[in-house]
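There are two complexes below, and they share subunit A, which is joined by subunit B in the first and by subunit C in the second.
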Partner chain A sequence: MVTTVLAPVAGTAVGLAAVPDPVFSQAMVGPGSAIDPWREPGQAVAPISGTIVKLRAHAYIVMGDDGRGVLVHLGIDTVQLKGEGFRLLAAEGDRVRAGQPVVFWDPAAVEAGGRSPICPVVALDAAAGEVDGEVRGGVGAGDELFRWS
Partner chain B sequence: MAADVRAIIAGLGGVDNVIEIEPCITRLRTEVYDASKVDQAALRAAGVHGVMLAGNVVQVVVGPDADTIASDIEEIIG
Partner chain C sequence: MAERKVTVMSEVGLHARPAATFVQTAAQAPFDVTIAKFGVPPVNAKSILSVLALDVRQGETIVISADADGADEFLDRLAAIASAP
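And now, the complex of A and B:
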């Protein structure tokens, strides 16, 4: 069983180690990747098909029918923005297809507020060896980012 | 592994040491009165993924159940 995890935003795939937050860079909640987003307003999409089990303005978790959860975090320390600048395009509990829009946001505004807009994409509680095929470099929202086997 | 809520409170130095707990998807951001009372080894033994201490702010990485764990802790702290 292999889950293909899609890039939730357009930008440059840089890997989790580049995230300026040890929870993500040390893979404390799981392995994955990270995207440094293009600095333009845009939609963040579901990385896999399944159910939105958690939805905050700045972060969401989509769980597939096999129980695998993928976390998308839109920027670092963005919980402090309390939703300002983010618009929800779906609701917690919704079923979504991979690539379906979930949140509208503006990475440039996050950066202007003094925070990193980098987006960790985490295979929650996966073992390090279960994630491979990680793409680096330019990606569009909905492009393949890594595989979870 | 599910984190043990009472063991997390104990690891944070007990109910009286906790000023505020705020969940953020995968972690608890906790402000404590006395950081020296925080027992990182005890927190790890309670089933958390990681602990980061900066000043009197402790970040306890608990995984995606952070919201539930935070509300359980708030119920106990009252």
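And now, the complex of A and C:
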């Protein structure tokens, strides 16, 4: 069984190691990738189809029907913004299709506030070897980012 | 059944680094470990998905449980991680 995980935002896929937070760069949360987003307001979308099991303004988890969960974190240390500058486009418990908008945000505003807008995308509870096919370079929101086998 | 009841003191709650450290430590236990929040059924403490979805905020109390020989030492370590500021 292979889960195709989509880029939640448009930008440059740079890999988890490029995230300026060791919790993510050392894959403590799990394997995956990261996107340095274009500095323009835009929608963050669901990386897989399933249920939004947790939705905060700065981060969300979508769990597929197979029980696999993918975490999207919009920027680093953005929990400190307490939702300011983020607008929810879906609700916790909603069923979503991969690519469906979940949060509207502005990476430029996050950066202007002194925080990195880079977005880790993490395969939760996955072993390191289960993630491959990682795309690097420019991606649009909803483009394939990596595969979870 | 051994258990520890602790209040989560980290500003970010049981998320980010505290959550990752908690789950990595729980995963080393050779027995099942659960974490529960008041009014919510216990979840697998070895699953980062389960722990993040439990969404424990600063100031909330959790109960960490295991039923096995040697559980006390693991529960003490997990309680220390969860209650660290």
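Everything below uses one rule, namely that the second predicted complex is superposed on the first by the 149 of 149 C-alpha atoms of A that agree within 3 Å, B and C clash if a C-alpha of one lies under 4 Å from a C-alpha of the other, contacts with A are read in each partner's own complex, and residues count from 1 in each chain.
Everything that follows uses one rule, which is that a residue touches a chain if its C-beta (ideal position, glycine included) is under 8 Å from a C-beta of that chain, and two chains touch if they have at least 3 such contacts.
Source: prediction; values computed, not measured.
Undergrad: With the two complexes overlaid on their shared chain, look at subunit A and say whether subunit B and subunit C clash or fit.
TA: They clash.
Undergrad: Tell me which partner A:29 touches in the superposition: subunit B (first), subunit C (second), both or neither.
TA: A:29 sits against subunit B and subunit C alike.
Undergrad: Between subunit B (first) and subunit C (second), which, if any, makes contact with A:125: first, second, both or neither?
TA: both
Undergrad: Check the residue A:17 against both partner chains and state whether it touches subunit B (first), subunit C (second), both, or neither.
TA: The answer is neither, since A:17 touches no partner chain.
Undergrad: Between subunit B (first) and subunit C (second), which does A:79 come into contact with in this model arrangement: first, second, both, or neither?
TA: Both partners, subunit B and subunit C.
Undergrad: Between subunit B and subunit C, whom does A:2 touch in the aligned arrangement: first, second, both, or neither?
TA: In the superposition, A:2 contacts neither subunit B nor subunit C.
Undergrad: Do subunit B and subunit C touch any of the same residues on subunit A, and if so, which?
TA: Common to the two interfaces on subunit A: residues 23, 28-29, 53-54, 61, 69, 71, 79, 124-125.
Undergrad: Under the touch definition given earlier, write down the residues of subunit B that touch subunit A in their complex.
TA: Residues 22, 24-27, 29, 49-50, 52, 59, 61, 63-64, 67.
Undergrad: Can you list the subunit A residues touching subunit B in their complex?
TA: Residue positions touching the partner: 22-23, 26, 28-29, 53-54, 56, 59, 61, 69, 71, 73, 79, 124-125.
Undergrad: Can you list the residues on subunit C that touch subunit A in the complex?
TA: 12, 15-17, 19-21, 24, 47-49, 52-53, 55
Undergrad: Mind pulling up the subunit A residues that touch subunit C in the complex?
TA: Contact set of subunit A toward subunit C: 21, 23, 28-30, 53-54, 61, 63, 69, 71, 79, 124-125.
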